[in-house]
């Protein structure tokens, strides 16, 4: 086992961890450890909410969650010799839940506190707890579903430079300032009330690792939220970034100062419930290396990766086809988000034929290895998005021909609600 | 070989074909043939442009293309006994190019005439001709690329009812009437000039199969364009709808009256150049069946399908990560289209490291079995889209580690330009 | 479509074909056509029996088949400039059944006339006819089975030199002369009567293409039978040698003089019924090239290939485990053949749980894309062989858990018998 | 983490372990723990040699290995309520190396002490040590090879009944008594000296778990060796029995009394070096269940399994074709073992083109996810076996076309030798 360079305690709150949690991007957060090129390390991670979710049958914790302090991450880690202009290579060797903590959660946020891709349809907080049996996930809240996950870190990124951070803040601020417009109404699920357009720096609940208090107070005013993916990769939430993957990241500061966390046991493309994948606390083993002057040599200033060869290799899919007309019949202009909405809603509707509740189906789409592809993006005004649901994840037969032959309903349990 | 129920002549223009071409959706187009449930048929198809593109080294034909008459399709075909409320099953048995016409084309439309997903970057007409050797495609205009295609029909759909047609026209007209707004500017490639928002019924160059002239003139005023996919599936351009797939389509009129065409030898997710896949004239063998009262029995009123098991099974990918910040640095709000733009632009940039021109790279993304996934759609404001480029399609090694080790450039030929 | 360099007529007998059939390996058979490196050609092929099998419901044709004249092959084809020591590259571009002849057959030979891997258990002639719908096979003799095939040529090989032919004849003669011994009894299915050990040159029913009669009479005495695969590849019967594959063959005579045929629509590993795969008449499109001095440059004097990427990609298998104890309980010594027998017999037994007859199950193993692996070959005395049966080929659910839950039997029709 | 029901200490010898090791099959070995149906457990395992191999650069430990005490296994485990006639279900949830022991070994046994599939060619002891980085294996003794393993237990089986044990002993004794014959000479690698034909009960170095000494002494006379796979599955060495697999095992004694161990990080089909896979000490998490009267309900009295969906999914292979002529040119009769020999020897020869020594290549075939299929088993006298080598495991390009273009040699290090 590689040396553990970051420890967490799943029994302790975020601000009492053995190593200091970080929940913002900022160039000046001091590295918590230094790693040599070629070295392998183990990094422990809190779940992304910092332990706010319990393994129980109530969704109250989801309803009442504090969102400002998320994500609770591990790092930064300095890589010896890395300089701006280099490319950092990170091999994802393995990851898993803690031995005494082999469960994860998926949840639907309340529309007033977090929301999600389909929050208009699912406005109330709900939760499912997933049992993690080695590589197999199942949930007492969703019957007859059982699948191997492609575990991956939701977040892996390098620290931004001061210049890059400023660029982020400017462009996101500009979006907020442009204000609610047709674009927002179109793209977002909330058509009555105005959702947040972006998350500006928020000094509430900031954790900046080992940065001293005075510096931290100042830095908190400009440190970037960790929700969006950006030039440094960050919160990409890519379901295929699993064991055996090799990631190439641009380096913006001396030492690269990369951060990781937000571990997922499994995720469907889109992570549509927002809370989100099968979220877990756990550990990840990484090996790092540096390509000196990599940006110039490789002609790239963006993140890229090569997936491992260990994704679940399903082959039986039922595929749903969405296009840019929303569920109220309104035509949108080449909008892939609306296309995905429609395909997801059809997939949810389809699963109800087999006895699943809509909430269960929504969570299945968000957690299982579901493929969501932009099939056609030029056929104006209707971008076509496909959502492919693997039949292998069900213990029952969900082939469409079954429906043609007769009744397929059953009792599939129910997800956790609020009280 | 199944009986041929629709013949085309690749030497003749669209209006002099053995069987009458159709290029609009309308409930009253009379069926050209009748098929019994359980029957297999062969349907011949023009390429989508109706033969406007030549196998030569000039892109003039692309620049000057008449767009109004597209797509040139085969049908409608009546399925005996099918009624509204049923589900039509179509098994895609096989498809291919004509024996004396084993080539296809991909093209970049001029910005003023058609455009494409990245038309700001590629404003001029370009063309590549692809040689189709059995299941293998290669192009004299793009060296060192060679791959098996997942051939599929770009268009397969049932006729709309009058009510459904009216619904389409209304919602698309409403979009046009809402006019150019922020949404458009955001989503579309053309930020200076206003692109078409939708394509309203266009009576120019209408072909309505065997409909008599008076009826046709009237119908042309309301018949829907075939560009967008809609409730009847239609122009889905789904690269995985290949040999062995089974499609489930809702039936809206007596006889179902399905239409097919727009055959693709291979396509990348998104079909980003708009012209589009490796486009070809050819034939498709289908077997049809009907699930009586299928919509009620199956609880569905939408199209869905099960892919065959014959897609190319590549396993080595370089993956690019896009997010909702456009190439001018402007932040958009959870916009998957912008995410895909960025990922595509990075992929194009990456391929230039190996000697490909940007135009060649753009065409590779549009034609080879490239995977484009909506990885994360909730991490506001940045939707993450991944574009996965298979290494196996290249005769050269395009692994990123090659770049780190040294020079990889080479001469890869060039695409056809205008004169 | 590439130029057709070899034509066959499925209505005519082997000796009245448009181009002369060849059914033996001999260096002096004159080439029927000449192909340039880089050229693509279409080659038509009889089925391997030369049309002895009818599309009907009687197995009499199988029982009475003339075996000496098999296989009925197409060639030889001279490749311009190829010389001994070169490597011949053959790209398998595409292949298929003839449009007016879209069916194939699988059969169990009578124990007295051909036999097969499990002839002790299946001593009587049986036949199934398979309908070939594009890429999909199904049989009126075996219900509820339907799968895409990985079509491939069973035979593809270069002509042997005189020296190599002599080596073949000597070593095979030596086996025959060693006579029946323990080895034979162990390896072969027939334990009471002596099966042929090898097939020596047989001048009966010899077809040597365009060779003149006097030469042919002499050559027939030494020309090698086409049943076994040898240094020139030949009758490899490799189910993965499908569309998109690239084959590397050693060249032993000027012009390489390669021969092909024995087309299979689909085959299970082992081709266990001997007659064998889904056998068909049809055409194959090939592209050839030559690596000058390839044997030395590549350090190889053996055949090898790279499969295409178009095999059916199933993922749900039930796997049976055989070891070197035969069904009479006799222990054999690290014998993979016996291991495969046991695994096949278990797989057949398993399928009978679902209503299939043993004969149907035997034919399924021989025709569908079944994987047979030598799992462990060192664990004396029991070599372990696995036979993996894909669940996707069945319209019914054959998961073992179904059996635990209740009854799964049904009526699955029956294969053709003798009268 | 499931409760650990069997502990091992990698620092202690086999007879001083926390839980008693078992190295023979016998119905009367008392269970070391009891597990309820539906329960999950963690089982720790020694490596199969019981710790005889060191992580160093000398093969002396291989040369001098004591073979009689192998395999060193964990169990038996009683499953509550299981009775003869039932089927035991075992879900393989996860497995791995111990955190402080993340390495494995592969070795070539000396011809006089163990041998292997190709011992005539590789008569001297050799060793490679593999570093296990999460799911990735690499070896300091074989450069430029790096791959994800499909980790699996080499051994998993139920206890035989007294009757079954007697049957095993009788049939294996009969083989030994038949003595060396043509069969042996043909099948085995050692043609000069007589190898063991089977391994009869051997009372030397017997470990029978917690059985009391008097009983153990008696049982040792009849307890079966663990080398061969048999009706109870046992030492199947199936490379695909990985994470997520579900195994069905016949139950022969009350409680089933299953045993497991011989953990492999990765293995090639055949496990040809005999020592064998990447062998490791470690842990495996299992979940067990019982199908009452499963043998009758399911109509099976044999072991079978369903693989998980987590095997490495490579798609680029170079395939070698062997047939039943040995490397001395002797023709054998439909002998799959000889076919595999030839294909393995060709694959080894091929790898030497790229700078690998023959010993390195032999070890690569034995450890990496190499596919070995019985392609054709009826084409007398030459059974065709294919060995498919995945290109993805190499950091260098081993495509055959590379060889045609020029030199590919390099220095790839060397394996550990004896001193």
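All chains are identified by letter, namely A, B, C and D, in their written order; residue positions are counted from 1 within each chain.
To be clear about the criterion, contacts are C-beta pairs under 8 Å (C-beta built on N, C-alpha and C of every residue); 3 or more make two chains touch, one makes a residue touch a chain.
These figures come from a predicted structure and were not determined experimentally.
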For chain A and chain C, chains touching each: B, D
Chain whose average C-alpha position is farthest from chain D's own: B
Whole-Å separation of chain centres (CA-atom averages), chain B against chain D: 50
For chain A paired with chain D, centre-to-centre distance based on mean C-alpha positions, whole Å: 39
Whole-Å gap between the CA centroids of chain C and chain D: 31
Sequence positions of chain A contacting 2 or more other chains: 309, 313-316, 392
Touching residues on chain A, where the partner in the complex is chain B: 87, 116-117, 167, 171-172, 174-175, 178, 181-184, 186-188, 195-199, 227-230, 233, 235-240, 248, 269-274, 276, 291, 294, 297-300, 302-307, 309, 315-321, 323, 325, 329-337, 340, 346, 349-350, 352-353, 371-386, 388, 399-400, 403-404
Residue numbers on chain C that touch chain A, as the complex places them: 313-316, 392, 395, 397, 401
Touching residues (chain side chain B, partner chain C) in the complex: 1-2, 40, 91-95, 99-100, 102, 133-136, 147-148, 243-244, 285, 287, 308-314, 392
